[in-house]
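Shared between the two complexes below is subunit A, which has subunit B as its partner in the first and subunit C in the second.
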Partner chain A sequence: MSAASHTETAPAALDTTRGLNVMVVGVGGQGVLMISKALALIGQRQGLQVKQSEVHGMAKRGGVVFSHVRFGAEVWSPTIARGEADVLIALEWAEGLRWLEFLRPQTGVFIADTRRIVPPFACRSRRHGAPMAYARETPAEVLDKVGEGYALDATAIARGLGESRAANTVLLGVLSASMDVSAADWLAVLETLAPPKSRAINLKAFEAGRAWADAARGDPSLSFDAGFDTHVTQADLPDVSVRHTINAAWCKGCDICVKLCPERCLALNEHQVAYLKAPQACTGCHVCEWLCPDFAIDVQTTLGT
Partner chain B sequence: MNDLMQPSFDVKDYLRLQMMPHFMCPGCGHGIALRSLLWAVHELGIDKNRLAVVCGIGCSGRVGAYVDANTFHTTHGRPLAFATGLKLARPDLTVVVITGDGDCLAIGGNHLIHACRRNLDLTCLMLNNEVYGMTGGQVSPTTAVDRLTTTTPHGNAEPTFDACRLADAAGASFVGREVTRQAPALKNVIKAGLAHEGFSFIEVMSDCTEIYGRKNDLGESPEMILSQKSDMRPEAFGNVADEPFRPNRLRAGVLVQRDRPEYGRIYRQRAAAEQAKAKAKP
Partner chain C sequence: MNVQARPKAADDLLPLMGNEAIARGAWEAGVKVAAAYPGTPSTEILESLAQYPASDLYAEWSTNEKVALDVAIGAALSGVRAICCMKHVGLNVAADSLMSQSYIGAHAGLVLVVCDDPGIHSSQNEQDTRLFARFAGVPVLEPSDAQEAYDFTFLAFDLSEQFDTPVIVRSTTRLSHTRSVVRVGNRAAPPAKGFVDAPGKTVTIPANARRLHPKVIEREAKLAAWLETAPLTRWEKGDTTFAIVTGSTSYLYVKEVAPRASILKLGAAYPLPEATLRAFAASADRLLVVEELEPALETQIRALGLPAEGKAFFPRSGELSPELVRAGLAAAGLAEAPPEPVPLDIQPMARPPVLCAGCPHTGAFFALRGIDARVAGDIGCYTLAAVEPLRSIDTTICMGASIGNAVGMAAAGEKKPIVATIGDSTFLHSGIPPLIDAVYNKANITVVILDNAITAMTGGQDHPGTGQSLRGEPAPKADYEAICRAVGVTWIRRVDPYDVGHMYQTLREAIVHKGVSVVISERPCVLDPVRIKGTPLAVRQDGCVACQSCMNLGCPALLWSDELYEGRHKVRIDAAACIGCTLCAQVCTSDCIQPVAAA
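Entry: the complex of A and B
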């Protein structure tokens, strides 16, 4: 299959020559900046002016990263105003919803990965099966509100190709199907951007995204990830039962366990001896046991309840 | 799946329970260091009867007394010298030396450099709390500049000793460093040091909360342990010669590991050769 065949058959929804505002959002480490760079290069190849601005640096903590890419005959401001993005590409589902108001109300194209990266503060409890505070909207509900929308499990597609980190290029492939840019241009840009080691996988991911978009255009029921489950829980954490014992005779009340417990479930009593204040919040992480200088804490964890 | 799920290690199996609770002050990092050592011993499956712990004098010198193994409380600064004799006489034992910053670098500095040079299969744990805690908080070779101690009431003016660079320069075949805050990582460094054949020098960044922390207004024990930085980079070690030594920005992990002939092995080969020669004589 050659990518070039698609440009002739698929109708181009976005007229690049009249200028385009693209917003790319995601969390750190997903490749937001890689795709915005690709878009900027595409704009340059069309002989257009390009301005790109970004907020990055939260990457290490899994924080939000966003990038504005604007191109057109003449671009003055590097940022996109609310409600003026022609395309919103979201590499993470909740980030997509968070930035939705930047999309042009009727005509904006929304492209999102339904992959969920739950931020630490959304975990009310780190125990197995505990519900988490996360967006409850289904892809079908969200796509109803936008002009044109695609919500796909790009990470699963990329993982199927052998590298889940190529999800950003899958989304780029989906976008490319909506733009009047020749496939040759896209491939040339990917060739220059992707490092030699990951060039092959990036090209494959791009093709996969493009093929997915073509299929979704033919059948709107395919344009969202039907397997999306709104109930987000801590299922990937092991289900453990914890036996937490404190030897009061050895405890010297140094307060280390109280202050360093990630769940804040320990406290000192009136005799300055540590006790387990909130046993239901204890996840059995062993931090108090490891850091007790007096060997007073013993944590036993066993799989299953 | 991970450390949490492994069959639990019970530190009480390795302690002399009749001596507990130990004498150390509330929040002293030496307890965490001892626990990490015993954890490493447990994970390597070292028999308690084949483990010898040699200690010097000071707070660190008392740590060994709580280990339910063969322990040896020696003279000030000389645990490495005692351990050298012990290991040469009994190569079947795993010999661990627990020493402090003053014990190892000041009083026993000479023994340290020669132990590094000799490369006998010992594991030396230097518990660095930056002060002579037991005698009332005098300045030690690793006290940071400007810190207050009983002998430096206007702030320490002496430059600080980087024990890992010293050990590296003296030829130690394994040099590691870790903070007590990262107890599992500390356990892994100690494990690597115990498994290494040759002299392993491990600097454990510990906290003296009662004397040093209080005098310098470093907060209570939780604050002191929280202030131990976790962003340490082992690969940066070796090209920091021009950088002043700052206790809060240390390189941690296994810093040096080199292949050098182990002294005990060479010694025994020579001894055997000499004995064979003596026998061959009429």
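Entry: the complex of A and C
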């Protein structure tokens, strides 16, 4: 069911009194915890039982961060089972995709910032034309897999307000449009959580998110950021062939190329002369050629095999 | 015996994380001395305790878990309630003290909080502390949520005093890091008892220990008898087709997926209330045990001759979840199989944790990679250097293992140069005895002490090398060079890891030195105690030849740009993430990385 196939009327609000399972996901330092705390407070203000569970440890090191927030008349498990999250809020695009299977099929609400935080891992291949190892699904494709979906550049909206770190509050504003909780409750919670210095900007970010969601709920065609570019790299380049030659007579075995080859494909032989130990690993990057003090290495790259 | 929670003067509802609830329970029970070594997921317990006034309790970061337990034991024997907190593997370090203290007992309340890490979120194994408790003959309480974490910790002190035993409160990552509302009370510190003054009890010479051991066995029986009627043991009557024995967070998953089941919730995983278990087993057609990790309950229950089923249906490794409990009940034929999830056809992207932009470890390990050494690693953020692109660590066993491992590698005749890498906090924790061993036994190894002036991995805790105490007061500062000299190391160099060339040259000199050489890599952590942010660098795109030599640092601020050179991606720098450490500029082959202002 795609967002666009929804009826003209705005989707029904989530019934919080029935209980709600919300997953908040992102990357360390994005403010996953702030959203979780806000939701927990909202639940408490409705007089419901609340459990909020997260995993610390790797959070500060660019790793995956996720938090489960559950509220209802009676809440047992601190974690949400796969396929039972009513809402998935993603502060980073690929993280939203990672946890998508936790969302309730057909009825779950998906809210994602289209901001990309590309891990070093995704830029590892040095091969000619190597694609970036980042999620390739477009918002349109993803929204097609969820009951109700919103993908927006919340970071840009927040930056426009003067503080890109308030992107999490923008997303909270988007969620608020889908929940039957009074504006007074939301404001009270934001007042509690935002430090005095950033209170004004957080309120503005919340309002901006809410306004964006109201527009998108009225017109599903607005519910995803159409300008979002998944064309992250040129992957269709012709292959390249590498010819790597070492002039053994000029090599004095200084080891510099062996030490600094990014792919570790060089080694010294029994005569202390460098040789290409793993030719299939050589990407033709020229580092050894440039660094050889004796000009003993020649790297030729030719487009097409 | 009758242990009852004290009446509470005032009630208040607070949203607390499991670890905060444990701290609150201990504070209300009147704990006077608290000690811990940081370790995920236990770290916040002592940090929360240190939020209470110094007039209420003394709190310290100890050099390691054994020291923490010894401090707590000393306090309890001196007549005040004491607590020490650690992660599961910390109990291995403290085990020597625990095994004998079990014979001695407690005098004033002595509580160990041990946080297990099922699912290995941030550890090197997922050992089950319940087995340890049984091994030591010490009762282990298993709260299932923050309210129980608070209640059980409070109760543990009374139990400890009335049964004269150390008591373990076992948490798990899921409990420690789940926040829910807790009804709390006020602090009521019992009067100090004074020193125990009973050498026949507190000095474990063989004659005394032989007398004390049977008392431990008697104590086990008394505790088991008490647990038959204690509120810790709760029989929730339900359907009689099957009955489930469970505890800890497993109880929550059972309630979630089988709300009408007949449940025996055990608040203590050791010892077990035998008569209650027999009656419970007889009350239903089948007896199931739902527990995370080891079959600790199942094995004990089967030893009673009861036909318990458990690990046949529920996994013995990893964290439990509502899905796994549901699937287990379905496999046992007691619930309908859950519907197969519809595959979404999305390949999740790998996002392993990485060293921070500007992390001083990056420079040290980049240089180390060039040495082509056999590297024994240790526990800390730098374990992340075990994977590409830094890939320069061969072994990681446990806290303080690196130097001893290196001595063994050298003794075995390993041909490559042998290097041990160990962080500052880990070195103080358990790296000094193996360094003495290496010097004494003339091992030909190089030790790199990665001094980033903080316990970084657990979120930035102080230690004896930071010059500051847990409560933020100035403290004497350990001098690593002086320590190394004092144990007989003669070749010591201090290097700034931001200078890659110097680090590389120093390591080359270190590995040719015969005997123990020590390189102290000195640079503060970029996150703690203060976040460091300098002028960011930028890549001059017309100069970049896409060699991606800088990408070998694995720095999260370095990304591919949209421009290509010979079909390979040029590199750009995320200015918001870059702290200006200049490592990438130092390894750039075309000199195109410069500070933003100059670019």
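The rule is simple: the second predicted complex is superposed on the first by the 213 of 305 C-alpha atoms of A that agree within 3 Å, B and C clash if a C-alpha of one lies under 4 Å from a C-alpha of the other, contacts with A are read in each partner's own complex, and residues count from 1 in each chain.
Note that in this section a contact is a pair of C-beta atoms (placed from the backbone, for glycine too) under 8 Å apart; a residue touches a chain by one contact, two chains touch by 3 or more.
Bear in mind that the values here come from a model prediction, so they are computed numbers and not experimental data.
Student: Any idea whether subunit B or subunit C touches more of subunit A?
Tutor: Counting contacted residues of subunit A, the larger count belongs to C.
Student: Who does A:F295 touch here: subunit B (first), subunit C (second), both, or neither?
Tutor: first
Student: Between subunit B (first) and subunit C (second), which does A:M132 come into contact with in this model arrangement: first, second, both, or neither?
Tutor: After superposition on chain A, A:M132 lies in contact with subunit C alone.
Student: Is A:V118 contacted by the first partner subunit B, the second partner subunit C, both or neither?
Tutor: After superposition on chain A, A:V118 lies in contact with subunit C alone.
Student: Looking at the overlay, does A:L260 come into contact with subunit B only (first), subunit C only (second), both, or neither?
Tutor: Both: A:L260 reaches subunit B and subunit C.
Student: One more residue to check, A:R159. First (subunit B), second (subunit C), both or neither?
Tutor: Neither partner.
Student: Per the contact definition in the header, classify A:V27: touching subunit B only (first), subunit C only (second), both, or neither.
Tutor: Only subunit C; A:V27 stays clear of subunit B.
Student: Counting only touches as set out at the top, which of subunit B and subunit C does A:G284 meet: first, second, both, neither?
Tutor: both
Student: So in the superposed three-chain picture, is A:W250 touching just subunit B, just subunit C, both, or none of them (first/second/both/neither)?
Tutor: The first partner, subunit B, only.
Student: List the residues of subunit A that touch subunit B in one complex and subunit C in the other.
Tutor: 240, 259-260, 284-286, 290-291, 301, 303
Student: Would you pull the subunit C residues touching subunit A in the complex into a rising list?
Tutor: Subunit C reaches subunit A through residues 15, 40-41, 121-122, 145, 173-175, 177-181, 249, 252-253, 255-256, 259, 321-323, 326, 341-342, 344, 346-356, 370, 372, 381, 384, 388-389, 459, 527, 545-549, 551-552, 554-556, 558-560, 564, 566-569, 589-590.
Student: Enumerate the contact residues on subunit B facing subunit A in the complex.
Tutor: Per the stated touch rule, the residues are 1, 3-5, 8, 10-12, 15, 20-22, 24-32, 35-36, 180-181, 183-184, 209, 220-223, 225-226.
Student: Under the stated contact criterion, what part of subunit A meets subunit B in this complex?
Tutor: Listed in rising order, the residues are 238, 240, 249-250, 252-256, 258-260, 284-286, 290-296, 298-301, 303.
Student: In the complex, go through subunit A and note every residue touching subunit C.
Tutor: 27, 40-41, 44, 49-58, 60-64, 75-84, 94-95, 97-98, 100-101, 105, 118-124, 126-130, 132-135, 137, 142, 145, 233-234, 237, 240, 259-260, 262, 283-287, 290-291, 301, 303
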